[in-house]
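Okay, so chain A shows up in both of these, paired with chain B first and chain C after.
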Partner chain A sequence: MTQYRVLPGPEHFLPPAAASMGIYLPNPGEAHINGVIVPEEKAYEEAARQFLMAQVPTIFPGPLVLWAWNEKAAKKAAAVRKLYEILKECVQPGQKPMLIPMPDYRPKYPKINPEVEINPNHPNLTIWHNKIDCCMFIGVHCHQANLSLKIIRGGTSCYTVAMCAQAGHEDAMLSFRDASVEKIIKLGEWIRKLKGTVKPRLTTAKTSASN
Partner chain B sequence: MSKERIKISPDLYDIMPSDYQDLVQSATYGKEDRGWKDIGTSKELIEQHSLCAGCPESMAFRYILASLPNPEDTVMVGSTGCTSLVFPMVAVHNIHSLFGNQNAIASGLKRALSVRFPDRVKDVVVLAGDGATVDIGLDMTLQAWFRQEKFTTICFDNELYANTGGQESGLMQKGFVAKMAPVGKLFDKVRLPEIARESGCHYVVNCTVSKPSLVEKVIRNSVLIAREIGPTYIQLYTPCILEIGKNSMEGLQEMRDSEKPTERFAYKEYVSEPAKQLLAELAAKDKERKAAAKQLAGKA
Partner chain C sequence: MAEIKSHIGTQNKKGQTYTDAWKMMHEAPRNPSFYTGSEVIKEALRRASCDVMIAYPITPQSEAAALIGELFAEGYIGDYFRGESEFAVMSQCAGAAFGGARVFTTTAGPGTMRAMENFPMWAGARLPIQMIVTCRGINSPLSIQPDTIEISYLLNTGMLVWHAETAQDFFDWILKGFIVSEEPEVHLPLALCCDGFFVTHTKDVVNLTPADMCLPPYDPYRSPVPCMDMECPPVRMMRDPFIMKSNYISYATHASWQQEIWAAVERSRKHTIKWINGLIDTENTDAEVVIVASGTAVSQGREAIRLLEDEGVRCGLVKVKSLRPWPGEEIREATKNAKHIFVPEFNVTGWLAKEIKSTIPNSERVHAGPHVCGGMTMPPEIIASEIKTALGLRSESLAGRGS
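Moving on, here comes the complex of A and B:
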């Protein structure tokens, strides 16, 4: 069994793909935390805890939910919005939840505006700028998510969660698989359940911007 | 055509950057007679694009994007160069390929789209610079034409490698001295339009982008012919004002000077026999449609 664990960085400039270090993906009904396969229920709790602990918990919706390709995509978008509203209602003063879109995978020149969007080719810019210390990817195509998650792990100390509609992401610190509207809502319910029980890091925390 | 095809999820609309909101709301999707005259009231390219002030390429981009007959079902394939900087800022699907690979990528894409969407018309348009089309990607360009792949190839010909500081390209004119080609070019400009014709292209045009109505006609024809018959090639002069020592306001005049009858960008057009027949049929249908619309309007 591999000793490698997918932990918040900064790992180094070119972190290895977690898959190449022996981390494998969960089966249906499971998730992984730091590369260790766990029952999905445990992952909900841990993701909710990480969100409530973070100073700037952020959801990054990608093109698969930002664009209303079909009815299912629009419903997922509605669920993402609801999750964000729950997060806002459950955090404590001093915490600043954000909802920042990843509308496009194409690199933008001369630069993106990190206040309003994130780009998978340089996600660290948005994370540093907003001091994001916990984020969740949802609706991002797998290859772009893997690229971004690796860059984030390499250059920031941000905790990454992937709500993946396929088989999950080894390169996230916590990954769900088979994402659906129900699963997004369930994560929201867990956040509500843990409201007030988790102490936020706030000023004592090392923020990603310091890296 | 319908705007319904490209929509932002209503629940996340407010967080989308305004560029995307603008491009979705103000692009001329769903309009049958779209064209360059929509520029100013519609938006195909955002104002804060990444090209230099006065760059003729931005004019070309606007005219081309406004002229595509089927924008929501069109995928453009770009290559490395100034054009690739603009693609994130346009309201048309696009793919960035490795330098020179654009016609190979477009071949696979066109075939895949035909299999995936057998009942829907999907257009593929390659848009690359002269370095990608004629030098590094010539193999892929020609092979796509030999195979009679059904897509349009547009070359933005600025006669050098502008993006990297002014190196010599195959389409550079003989004797031209560039910043990074101090000896001057020793051989003639490659005659790609003639090569395209001999390689099986059914519609070939060599011109500048000084006249928007002409660009509109050429782009429409090339896309419609490529859709039905086979490959088409358009070579557009989009001078790099920085590399040829011009000011922002001088791009248009440079194009006008270069399209005079004896100059290298004098309008040249080749249309194959099947393509001529198709254009005649399309013109007849268009006339009928317009007459019917007029009649209907008269009755109303």
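Moving on, here comes the complex of A and C:
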């Protein structure tokens, strides 16, 4: 049993892949929080709590939901939009929810403005410049999501959530698997349920001193 | 994420029924058949719903590539062609896999080495290509006889590497290998190795699944990277790679990318354990002497154990089935009682012994050998003799001038 836990960083100059540290992915019906397998229900509550606690809770939708390449993707996109609206309704004054797209994976640095578009090759720039302290990946291909999640853990203190359509992500601090429209809606319901019960953090995300 | 359409229960153009892989491999009736290892490869592919097979059939190590050509003629393989060289074949395999196909190929010896550049590329691009490696010698003067040295070069490519002992392993693992390597959180190429000639050219009874059942088709929309998107990594990486930019971000991204490949190898562990019933098999590991081996060295070790039992020496056996993922924890547990660990190998460097030494405590317990190479056979008597010598027992000379 590993003692390693997947926690907000800045963790290391080059943080390890959590899978290489003995963190396992959840089975269907489960999720993980900090690398510990939990019932999925518990993860909804914790994800909602983290969103409501954050100064800048942010959703990063990826190409699999941004482009209407099939009917399910379009429905998921609508659910993500709804989740964002719920988040805006439920936060307190001073909190600033954001919805920042990851439309593709091209290495674009230094051409893009990382404050309006996130890229998996340098996601830390988007986190730093927007002072994001909690984010959720959804609709990002698994390889690219893991790439990003490690970089975020390495250089920022942002709390990361993954709403994965496949088997989940060890490199996020909290990960769902088998994401569906229903699961996105359920997370929104949990945010509504916890509205007003969670005290927002006073400080925003820390950045690595070396950057 | 894609619209999931189940093909289970429907038929392909050859009238085979797409069958749940677990049911097909574990519950369907088996038909005992007497085949060479090469023929077994063909029979496994008949049931694999393979889209593309690309061949470089020069190697005399295995007839598999030519036999699969017959399968194509019969209509069981989507496409089949010959590449200009082993390097070309492996590059073409990549192209087919980028396009979303289930891809299969075979190689051996110098061909494996010539194509080597492609294997880390496959892994980095997360292409779940299956490659059969019917191991033979790689150095000059060339040998077509079994020698497992080429496996050592594959261990750090990021591919999954399994080492079959028998033709039955081969049949089952070809089919199961597609399932494990295509899991979205794994999605890595698999090098399925066997000891050429011993397994490929000899006949054995192999229990085959029904020929009218086949694996469900590969679903490329479960891939962890976009399928054939020329604007995005990994494809775009090749014309706009990170190495073209000298800055921290480029290096950090590439580093994270490499870590992700090895993370995927780790994630394959639970699927590999499930499908091939553990990364190792063990027998009598409470004994003070244990043989740890892979491939046909396991068979020879088993015979040596029988010889030693006749002389009152009790000996355990560990069969290493998967080399990547590496069964470190399993080997530590299986050898915890052993005072002497023998690692017979069909190669000159003893790469398996080195892996084991770096895994277990008190590695001085490991006797790296006996080794044979260049196509030599490994009589069980030489394993038994080496064990007896190490234990201080009298051992008859097995070679010499006859005096």
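Operating definition for what follows: the second predicted complex is superposed on the first by the 200 of 211 C-alpha atoms of A that agree within 3 Å, B and C clash if a C-alpha of one lies under 4 Å from a C-alpha of the other, contacts with A are read in each partner's own complex, and residues count from 1 in each chain.
Quick note on the criterion: a residue touches a chain if its C-beta (ideal position, glycine included) is under 8 Å from a C-beta of that chain, and two chains touch if they have at least 3 such contacts.
Not measured: the values here are computed from a predicted model.
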| item | value |
| --- | --- |
| Touched partner set for A:D104, first chain B, second chain C, both or neither | both |
| Touching partner for A:A18 - first (chain B), second (chain C), both, neither | second |
| Touching partner for A:I185 - first (chain B), second (chain C), both, neither | neither |
| First (chain B), second (chain C), both or neither touched by A:I37 | neither |
| Touching partner for A:R81 - first (chain B), second (chain C), both, neither | first |
| Chain B versus chain C as contact partner of A:P63, first or second or both or neither | second |
| Chain B versus chain C as contact partner of A:A73, first or second or both or neither | both |
| Chain B versus chain C as contact partner of A:A165, first or second or both or neither | second |
| Touched partner set for A:V116, first chain B, second chain C, both or neither | first |
| Of chain C and chain B, partner touching more chain A residues | C |
| Chain B and chain C contact sites that coincide on chain A, given as residue numbers | 73, 104, 106-107, 109 |
| Chain A to chain B touching residues, read off their complex | 61, 65-68, 73-74, 77-78, 80-81, 99-101, 103-104, 106-110, 113, 116-117 |
| Chain B to chain A touching residues, read off their complex | 6-12, 15-17, 20, 50, 85, 87-89, 94, 96 |
| In the complex, chain C residues that touch chain A | 1-3, 126, 183-185, 187, 222-226, 229, 231-233, 236-237, 240, 242, 245, 247, 249-250, 252-253, 255-257, 259-260, 262-264, 266-267, 270 |
| Touch list for chain A against partner chain C, complex | 14, 16-20, 24-25, 63-64, 70-73, 104-107, 109, 120-122, 139, 141-144, 146-147, 150-151, 154, 165-168, 170-171 |
